[in-house]
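Worksheet: the structure to be examined is printed underneath.
Labels for the chains are A, B, C, D and E, by order of writing; each one numbers its residues from 1.
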Amino acid sequence: GEQSSTNTPGKTTDKEETKTEEQKTETTETATESGGTIKIGVLASLTGALESYGKQTQKGFELGLEYATGGTMEVAGKKIEIVYEDTETKPEVAVQKATKLLEDDKVDFLVGSSSSGDTLAVLPLAEEYEKIMIVEPAVADSITGSEFNPYIFRTARNSSQDAYAAAAAIAGEGVKIATFAPDYSFGWDGVSAFKDAALALGAEIVAEEYAPADATDFTSNLQKIIDSKPDYLFVVWAGANSPWGQINDMKLQENGIKVSTGAPDIPALKTMGQLVGMEGFSVYYHTLPDNPINDWLVDEHKKRHNGEVPDLFTPGGFAAAMAIVTALEKSGGDADGNKLIPLMEGMSFETPKGTMTFRPEDHQALQPLYSVTLQEVDGFDYPVPVLIRELSPSETEPPIRN
Amino acid sequence: MDLIISLVINGLATGMLIFLLASGLTLIFGLMHVLNFAHGGLFVWGAYAGVFSYAYSGSFIVGIIVAILTGLVFGFITEKLIITPVYGNLVQQILITLGFMLVLQEMIKVVFGPNVVAVKVPELLAGSWQLGDIIIIKYRIFIIFFGFIIFGLLHYMLTRTKIGLIVRAGVMNSDMVQALGINIKRIFLVVFMTGSALAALAGMLFAPYSGAIYAELGMEFAIMAFIVVVIGGMGSFQGSLFAAILVGLAGSFMAYYVPYLSLAVNMIIMVVVLIFRPQGLFTTAKG
Amino acid sequence: MNKPILLSRSNIILFIIVLALVAFPFVMDSRTLTILVTQILIFGILAMSYDILLGYTGIVSFGHAMFFGIGAYCTAIMLSDFESTIGVFIVSIIVGMLIAGILSFIVGLLTLRLKSHFFAMLTMAISGLLLVVAEKWRSVTKGNDGFTFKAPEVFKDRVIFYLVVLALLVIVFIVLKRFVSSPLGRVLIAVRENEQRTKSLGFKTLYYKVIASVVAGVIAALAGSLYAVSLRFVNTSVLTMEITLDALLMTIIGGVGTLIGPLVGSVVIESAQHYLSGLARDFPIFERWIIFFGIIYILAVIFFPKGIVGTIQTKYSQWKIKRNQLDVAPLSKSKESSK
Amino acid sequence: MEPIIRTENLSISFGGHKAVDRVNFEMPEKHFKSIIGPNGAGKTTFFNLISGELKNTEGDVFFKGKSIANLSSVERTRLGLGRSFQITNVFPNLTVLENVRLAVQSKEKIRFNPFKHYLHYKKITEEALTILEQVLLENKAHHIASQLAHGEKRKLEIAMLLALDTEVLMLDEPTAGMSLEEVPAILDVIKSIKNRGDKTILLIEHKMDMILDLSDSIMVLFNGKLLADGTPKEIMDNTTVQNAYLGGLYDDELVET
Amino acid sequence: MTSLLKLDNVNTHIGQYHILQGVHFEAKEGEVSVLLGRNGAGKTTTLKTIIGLTPASGGSVTFLNQDITKKATYDIANLGIGYVPEDQGIFGDLTVEENIKVAMRKETDESKEKLEYVLNLFPDLKKFWKKAGGNLSGGQKQMLAMSRAFVNDSRLLLIDEPSKGLAPIVIEKVMEAIVEMKKQTTIVLVEQNFIMASKIGDSFTLIDDGKTVRNGAMKELIEDDELKHKYLGIG
């Protein structure tokens, strides 16, 4: 029976009544139907190399739920419960854990995860169980592209959006650009999307360099880039063995090559000391968005996590929570995947980064991104991304590929 | 020409860095035949302990000393607790050292936090010289220099003292060595600690080179070090140095001239070397 | 001396275990557990194949993942490019095993002349090269991101898939058991013990090593195929060193050269991982559960130096000797007979 | 009659050192020949060259008239050249029985059958046990080879060779380290094989009494070169051999035996 | 003469096996004591127990009035006990030179002199000075193993079957060397070659089934045909 929509959103007292009443009658039914709870399973890398990303998502998601529910942790009269699972950045573990969430915990939503591989492995489960999965913060285009299924909604930006933001920041008529990226999907996707966008804006790509993701010596690649005499070097990089020191040592900027990249999270910004003055883009830095939600996020985050500010993927977790709560409010607490899909397609919701909208075609959230420059700021031991301008969601709208 | 020179210098520096990484393993794996997967853990511990004391004291030298001490202490603990029960047993070595590696790696996060840690090159060694079109990064020259010093010291230790001989003899037949009045356990301990200290030192020297360190660093570099020790010929210091420089130079030139192969360069070198010289480039056994 | 009796005590125990495993999904109605156990069985197959190399032939390979990966990719690609039917699934398994067989044959010929450490590193390099190929050949593999595909309709029911995997595991176990206790298997053991001596008894050891490597490769490919179907997803992680290390660790923890050991190893490692990371959710001290996981390895070496099964076997036979001879030294008999 | 083994200028050098130096030798079928010579004379190396453990650098070696210089040791064993090793060379972690069983298995040419259980080949096990009895090792059949005392390992070494049952048996110091009490027993085993008359036997030994007892002929190697080859009496009377090899130790003892 | 080494009711287990079950004997200063017995009797194990490689589980080993039963092997060796194992214990990958270098405790004039002496005795070693020990012939390995023990200044030498695999003429040399060593060193010898044993031995200990069955002066044994026959199968 799918009669759970009879639950009316209401005040606490109403809800209390419904609950007791239902407990009498339908004690053995599933969680949703017993009226009490909405369960959300969050998959994230809580150990291993992507641990800090996973924890950002986790913190953001908690705060997001709290904000969205006004601190009650209830929506449409239902209590929200969260179950976290560690994917260990291994697809087989992700599948195991996702199945556990869906089967044993009987969650109504999945959220996750920190790696594209894990996420891709879990996508079919969402479809099989007909549960909504909010993808956050995995970026691979294929999640909302070739591997798309209708239960997937992504609050994270995808690689193409990054690339458009990057192109918007530096590309222009006649501008010569070299690219540098790690030699695997993430790098190739990023560069190829960037190329499309930059070429469309009239720029010229003069060199495309890839280095092994675990390389330590980038000087040969940089040498080639210098040889190609670009105006800009666009870098796609993730991972800790960053090329920044060597870019500085090889005097690219002194040779008139401006460097551009996406601003990473704060620990990684610390490794970019030499890139002060760089122009690039940012997905999030806590001072960039100017809206009350972000203010609340920053304040609360500091309060709870001994003075730390939210970082790169914290607002993503937050946004995922906002999306779920907004959708549930619309459905009146009905977590049935098939009913939610039409409600969520085209749905807009508020996040610390401003308003996001799930594009109906591929369920990718269109969202603001930021053109920034890195600057030295007193009291910070890392170069701070300073806003040049906010890129509106439509400016970075990626092609539909599903 | 300029290009060649700068590729050579950079390749040489990378090679020397790899040699530093591998030097400890040449002792532990090459000479003592301990397949120590936890080697990378010692490398990362050296890096973290060194970097944090460098940051705290402001002195790079303090950082280096702390790294070495960390290596010695960890080497002592590792040998006593982990390695002693499994000398001569390859299968057990794999299991126990991999387990210990996990422990070391996670303990880094407990002690130093899970985030990437940024490391600056010390003032004196920062920046680069530009000579015409050639750019020479100062820190790399420092690494090359340091690498040769370490090589010299080890070479001395192994050729001028009996330690190298005793270790090789002890691996072949430890009972006989003891019957000759040598406390082989203590020698193994000392050599293992030296190897660990070298790993830790390499970690510390690596940190400013790459600009950032993180807990998972260890495993990646341990594998690189294993490659170098094996293609150099087990237990041969000259071999390790040669192989490391070969890997460094090949990486540097391949990245420039045949970039699409650079992902595979180490593997290709290893395949080629081992197919044509199945015992590695240099061998210690004479006759 | 253990005689090859069909109804020996250990065979009966095994039979009971299999029965229990068959009954398990019907008793424990939990899909998560079913998936976990399926996973355990699949890695068990992989680890058994590794045991043929390590335990029986004395070869340490760091490249076993390449065969696993080939199986996984074969099945994934064929199921996504053609229809996802049982027929295609079976064909894909066979194709995967064939390719793995051919590759392991070539790799074996190329590498098996090398001595232990050198061999290990060479296999690692070759499998590393294959990983690079998979990364680069994106039109087929989708690289590191990987791709999802549909499993054959019947496997939607995880219990059916579980039973299929279980059946395959039993078949593989019986076949391998027979294989290692055949005359051929005895020669493999001889190679492990003293290769040069085996040669001078008139056995061409390279042949035997290649045979072992092909058998191991083919079975690993089967495990890979099953793995891909269990996830309905594949990416380059199936070719990484981690898979090899998993197989290696399971084999060692369980006990090399026992065949049943690797299965036990798979149970221990997979469930330790599962339950420890589960603990992390409930108890903050276990946030760093990987430390405890690492400690398990260390303790395993200390308490089970020959692996769990190996050590128990040794203890058991020692206990039997003690019981039978009541501390009679082995010397005592010799006096009379040598007169 | 065509000699079963023949060498032509058979040589090998290690670096600059010629360990076996242009040796021409003929071994008639079903003959018993001993090889003596000082330590390092090249006796074991000569065995290695014939059995294929080492490849000659010069010259040629023939088995039944065909050159076998390019065959591997495996192939030579299969042709019928079996040998034991001077340095004990067994399967250390297998039982004594298992060691011998493997040799019998090879003799029976059961190599690749992957489907039948090895214990179903009852005959093999029985044969292995018989051989262990011959060398007085049956009471250690189920001991692990590495736990044997030295002399017992030597017996195992012989057992493995006997199990191979090759046409030619090459024994490299079979009784070195064997106790005085047991040497005669092994001697008896060798003698009985000799008396069966179907084997060609090459023996390296330093125990002169034993050699004199068994040999049809004796050949002497010295510095890699063939110094002499002849009947036991010829060799014993050869003063060069006495000076180079025998010394004075056996002077008085020889008379007794 | 005082006894340098004394074994009193020594029992040794290897794993679960009870190998030595009561070995007694004394080695008197300056004498050559010979251990005799059939294969597997426990002679080698007795030597290994003295040097601490298979420590005794019962009874006591006394050397220079010190109890060394529980001492570590290297400590025992450093008290001045040299050991020539029956499998020679050559380090195969090390050259002859390196093998000797590892063994040489101190490089004194005296030790150099001794080295000179053994190299003259075994010229093959000099010839193959830079050759890997593993590539030596069986007899050459035996020579190397002896030399390794000879170059040190030992109070006591444990030698396990030195004549094994040696040419008769070399056996003479080895005997000569042992006689030479005897001037400074006490020797415990395991030997199957009864001719050699009887020529250089001063006293004997018969071991059977892990127990001492008889101790005495060598002369007694030579004369006691029954004993010889019973335990050594000769006479």
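Basically, contacts are C-beta pairs under 8 Å (C-beta built on N, C-alpha and C of every residue); 3 or more make two chains touch, one makes a residue touch a chain.
Predicted model only: the values in this text are computed from it and were never measured.
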| Which chains, if any, touch subunit B and subunit D both? | C, E
| field | Required minimum of steps from subunit C to subunit D, each step between chains that touch | value | 1
| field | Chain of greatest Cα-centre distance to subunit C | value | E
| Distance from subunit D to subunit A - Cα centre to Cα centre, in angstrom | 76
| In whole angstrom, what separates the CA-based centres of subunit C and subunit E? | 49
| field | Separation of subunit B from subunit C, taking each centre as the mean of its C-alpha atoms, in whole Å | value | 32
| Going by the touch rule set out above, which residues of subunit A reach two or more other chains? | 47, 183
| field | Per-residue overlap in subunit E, given as positions that touch at least 2 other chains | value | 17, 38, 40, 135
| request: List, in ascending order, every residue of subunit D touching at least 2 other chains. | output: 14, 182
| query | Which of the chains are touching one another, listed as pairs? | reply | A-B, A-C, B-C, B-E, C-D, C-E, D-E
| remark: Per the touch rule, the subunit B residues reaching subunit E in their complex are 162, 165-166, 168-169, 172-173, 175-184, 284-287
| field | Touch list for subunit B against partner subunit A, complex | value | 3, 6-7, 10-11, 13-14, 17, 106, 109, 114-121, 127-128, 130, 135, 137, 139, 206, 208-217, 220, 248, 251-256, 259, 262-263
| task | Could you please specify the touching residues of subunit C with respect to subunit E in the complex? | result | 318, 321-322, 327, 329-332, 334-335, 338
| field | For the subunit A and subunit C complex, residues of the former touching the latter | value | 46-47, 83-86, 88, 90-93, 95-96, 99-100, 103-104, 116-117, 120-121, 123-124, 128, 140, 142, 146-147, 183-186, 188-189
| request: Note which residues of subunit C are touching subunit A in the complex, please. | output: 30-32, 35-36, 39, 135, 138, 142-148, 150, 156, 227, 230-233, 235, 237, 242, 273-274, 277, 280-281, 287-290
